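Both complexes below contain chain A, partnered by chain B and then by chain C.
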Partner chain A sequence: MEKISVKVCTGTTCFVMGGANLQELHDLIPRKYGDKVEVSGSPCLGLCSINWEYSKAPYVKVNEAVVNEATVEKVLAEIDKQIGNN
Partner chain B sequence: MFIDIACSQKRKYNQNAYGDFFASNRFPNMNRVVAVLSDGLGSGIKANILACMTSTMLLKFMENNSDIEKSCEVIMNSLPVCKVRGISYSTFSAIDCYDDGKAKIVEEGNPDFIWIRNNEVLKPEYQTIQSKDFKNRKMKVYNITLEKGDRIIFCSDGATQVAMGSKQYPLGLERSGLIKIILNKLNNESDISSKDLSDYLVKQIQYIAPNKELKDDTSILSLYCRDPRESLIFTGPPFHNEKDNYWANTFINFKGKKAISGGTTANIISRELNIPVKSHMSLSMGKLPGLSKMEGVDIVCEGILTLTKTLEYLESGKCENNAAKVLMDFMLDSDVIQFLVGAQMNKAHYDPNLPIEIEIRKNVIKKIALVLEEKYLKKVNVQFI
Partner chain C sequence: MNNIGQAIHLKKEILVRIIKAFLSDNFEKNTRLIPFDMRPKGIEVPYRCCVYKERAIIKDRTIAGLGFPIEEDDETVSLSDYAKQALERTEINNRHLTVLQAACKGCATNRIYVTDLCQGCVARPCQSVCKFGAVSIQNGKSVIDNEKCKKCQMCVKVCPYKAIVKISVPCEDSCPVGAVKKDQTGFANIDYEKCINCGKCISACPFGAVHEKSQIIDILKAMKSDKKVIAMIAPSVVGQFPGNIYQLKTAMINAGFDDVYEVAQGADITANTEAKEFTERMDEGQKFMTTSCCAGYNQLIKKHLPEIKPFVSDTKTPLYYTAEIVKKDFPDSVTVFISPCVAKRAECYENENINYVMSFEEMGALFIAKQIEITACEQTNFVKECSKQARRFGITGGVAESVKSSLNDETIIKPHIINGLNKESIKELKTIAKCGECSNGCNIVEVMCCEGGCIGGNATINNLKTSQKLIDSFADSSEDIKKIG
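Moving on, here comes the complex of A and B:
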């Protein structure tokens, strides 16, 4: 099974829209999933500027799936969903 | 050539105020630095006032290229008269120098300055000017040319007279003793910064003083002629996308230290140069996004929040341990700072629904440039792209 990659945007918009609270994923994910999931930050996923009028920051990418208005719970749910699919 | 200048001081034992005063100003556009060290009569507040008045007045006179003789008469006539001694008095050393090495030095009453080139002390010629109004006051005026690697050390007499009367130093450390300490240090650490050298010297002088109690205010003003430490900070995506590659290459080929402030900016440079950028969430510090890593780049951080915080730290002098402090230290460790400011805006940043107001990048950079120039005497160049 391939590792699931989680990328948390640490760009300006995401950070002020609640991305700062997603830092706990860094501790939480390895504890919960061990080696199955790899979590890292991204300087900017570039998603806020695409649809800037309706920005849904903060963004997190779980493999290619984008989690809008991300919270720790939403990110974990997406990971569980993808693990279930595998 | 860059003139690195720093002054370190220690107070007389049991005094709350410094009786020596240092003032300096840098004029980046004229490649000029002016500095004055003054030692006020007596000690404590009285000496502080005398020295402060002398330094600030003389600095202004020198900045305006006023006749030095007349300037000194004006200063001596305007100092308050000491009730105990019935005189007004303060000594000074002043230097006006340019990046091409031309320097004018004026001394009155302070120990002769020390000029070091290739670990040897030079003996420059000088002209003596007698004060018209004050009998015992003579100024020494030197016109010299500094070369790269040269050092100039000024001191107050607290430095040369330390430990006077002790067995080891009956006449005090004297100028010759101070020279020995300086040359010894330079032998071991030839490229030591002015700040580190002046800090080291005042500490050594305090060690020499019996019980480490200084009997007089002690100041060391150090100048070092060296290559400037240059740095480049790239922030914001360039206005024309088609020029991304050009600016990315300009950035990476810069010879000095390099920093990127901005997530999108980091991604553009990473894409154009094919250098991966890695963001470690674990590096997040405090209330700001953390640092990322890119090979060949010293600092990669978030943009506008970090810059706004850096500006706050630069203005207040107070900081917390986070990415803004790292960026501030990066700036303060440079002599010449260049900003490449991309003019493209991310409209999402100006959404009124954001929980905090985000400043416009151009304005923040302009303010940072101003405080770096005026408060920290840095040479700053801002280019909007």
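Moving on, here comes the complex of A and C:
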């Protein structure tokens, strides 16, 4: 099974619109999934400039899937979904 | 703390749009269009009954963002007129909160209520426990007479079926001084005579109905003028934005400020002065002293707790000293405090060295509107580096700790910490003032209006845990207060 990659956008827009609270994922994901999932911060993913501007920030990418208005719970749910699919 | 997710998101989005409108070639028109841009024709309605109500509420929120009280709006004035008035305004007033009363409609009044779970039991403990005769049995079920009920909640506690509940009004419950009340019409009202501007109602309302009256337009106007605009960042700003504070300084300069000062610089002065004052007071035989840097606490003293005044330190706040330095360095400048909370707006209003306040949320909105990537910015140093203790001023316990570290003999101080003002802690402060001493033998009382300290302020962006961690790691890399001249 290939590693799942989680990229948390640390661009200004995502951070201010709620991404600050996603920093918890950096502790939570390794604890919950061990080395099956890799989590990292990412410079602006460029998603806030398309699709209804900043109103869907913060964004997180779980592999190629985009989680918008991301919360810790939404990101974990997407990871679980992808693990289930593999 | 920002625990009301979507409502906060909405408020920030509106601020971004107001700033973008200001920066555009037609401020008035683009401000008028904000509700329509956010809720265009044909959109699926996210929260309210219809798109028209959504737009009306967004209009109200925009009025607060432009710096006007929502309560005084008679619905006939268009947002473009408000935008025009905001541009023409030369003064701000001392009322910093405003309530979007249209949002109060969904919220039931504060009372004790018997739910359908009432089994109409034989024991009827609710009836026998009530000292006010407010509980009667009608059609085999308990009913509460709200005229007689004193909301003591004894019936709630004794019901074996947990059938009786207290219906909460979050803004009322959160207010430590009883300044917010839903009136007969069902709308929340703030009594400004009582209000200490703590901002707890802003964080508590799940409808996001309480707003700060923003000064963002006044600040943007100053940036456009010939005057220098100098920002003073609260110590609690660390961890509120991506990147470090040296990158933040560059980002702020790119956003339109001419220079940026750390308020921690003033915190070093506050700590040293307060330590000296503490020693003197103890030598004079006083049993305790309280700190004086929290704006919410200072308002509480003034409006509700004058009896504690003799025990409150006369030392000024870190912001006071910082603003004094800035005005000396730039005499004709416009000064802006970058704030974690609304309470500081009241302090700044009373200090002629400080012109405006911009909340962390508003600064975030400014960065978004100007598309500034903080992590991509170079680092800019501050003229003066601050101590580790000063940089922890915004965390509960940080003020007492810095006073302690500034003393020659650190063993003489025993801190007692009030971590957040609420009805209980205010009672405790009243008792301490009445007795003239702390019952636990402590001799310095640090009072923080917000739980967690300034990092728990109503306008913060990051959560308590993460921001505390980030401040701690930044502070650990800074010098000790005894080594800062």
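One rule holds in what follows: the second predicted complex is superposed on the first by the 82 of 86 C-alpha atoms of A that agree within 3 Å, B and C clash if a C-alpha of one lies under 4 Å from a C-alpha of the other, contacts with A are read in each partner's own complex, and residues count from 1 in each chain.
The definition used in the following text is that a residue touches a chain if its C-beta (ideal position, glycine included) is under 8 Å from a C-beta of that chain, and two chains touch if they have at least 3 such contacts.
Please read all numbers here as calculations on a predicted model, not as lab measurements.
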What does the overlay on chain A give for chain B and chain C, a clash or a fit?
clash
Under the stated touch criterion, name the partner, chain B or chain C, that contacts more residues in chain A.
B
Return first, second, both or neither, reflecting whether A:21 touches chain B, chain C, both chains, or no partner chain.
second
Which holds for A:8: it touches chain B only (first), chain C only (second), both, or neither?
first
After superposition on the shared chain, which partner residues are touched by A:44: those of chain B (first), chain C (second), both, or neither?
both
Name the stretch of chain C, from among 9-17, 99-107 or 351-359, that runs into chain B once the two structures are superposed.
9-17
Shared chain A footprint, chain B vs chain C, residue numbers 10-13, 15-17, 20, 23, 43-44, 55
Touching residues of chain B toward chain A in the complex: what are they?
262-264, 266-267, 277-284, 287-290, 292, 300, 302-305, 346-349, 351, 354-356, 358
Complex interface listing, chain C residues touching chain A
5, 8-9, 12-13, 16, 38, 240-242, 251, 361, 364-365, 367-368, 372-376, 461-463, 465-466
Show me the residue ranges of chain A that touch chain B in the complex, using the header's touch definition.
8-13, 15-17, 19-20, 23, 25-26, 39-44, 46, 48-49, 52-53, 55, 57
For the chain A and chain C complex, residues of the former touching the latter:
10-13, 15-18, 20-21, 23-24, 43-44, 54-55, 69, 71
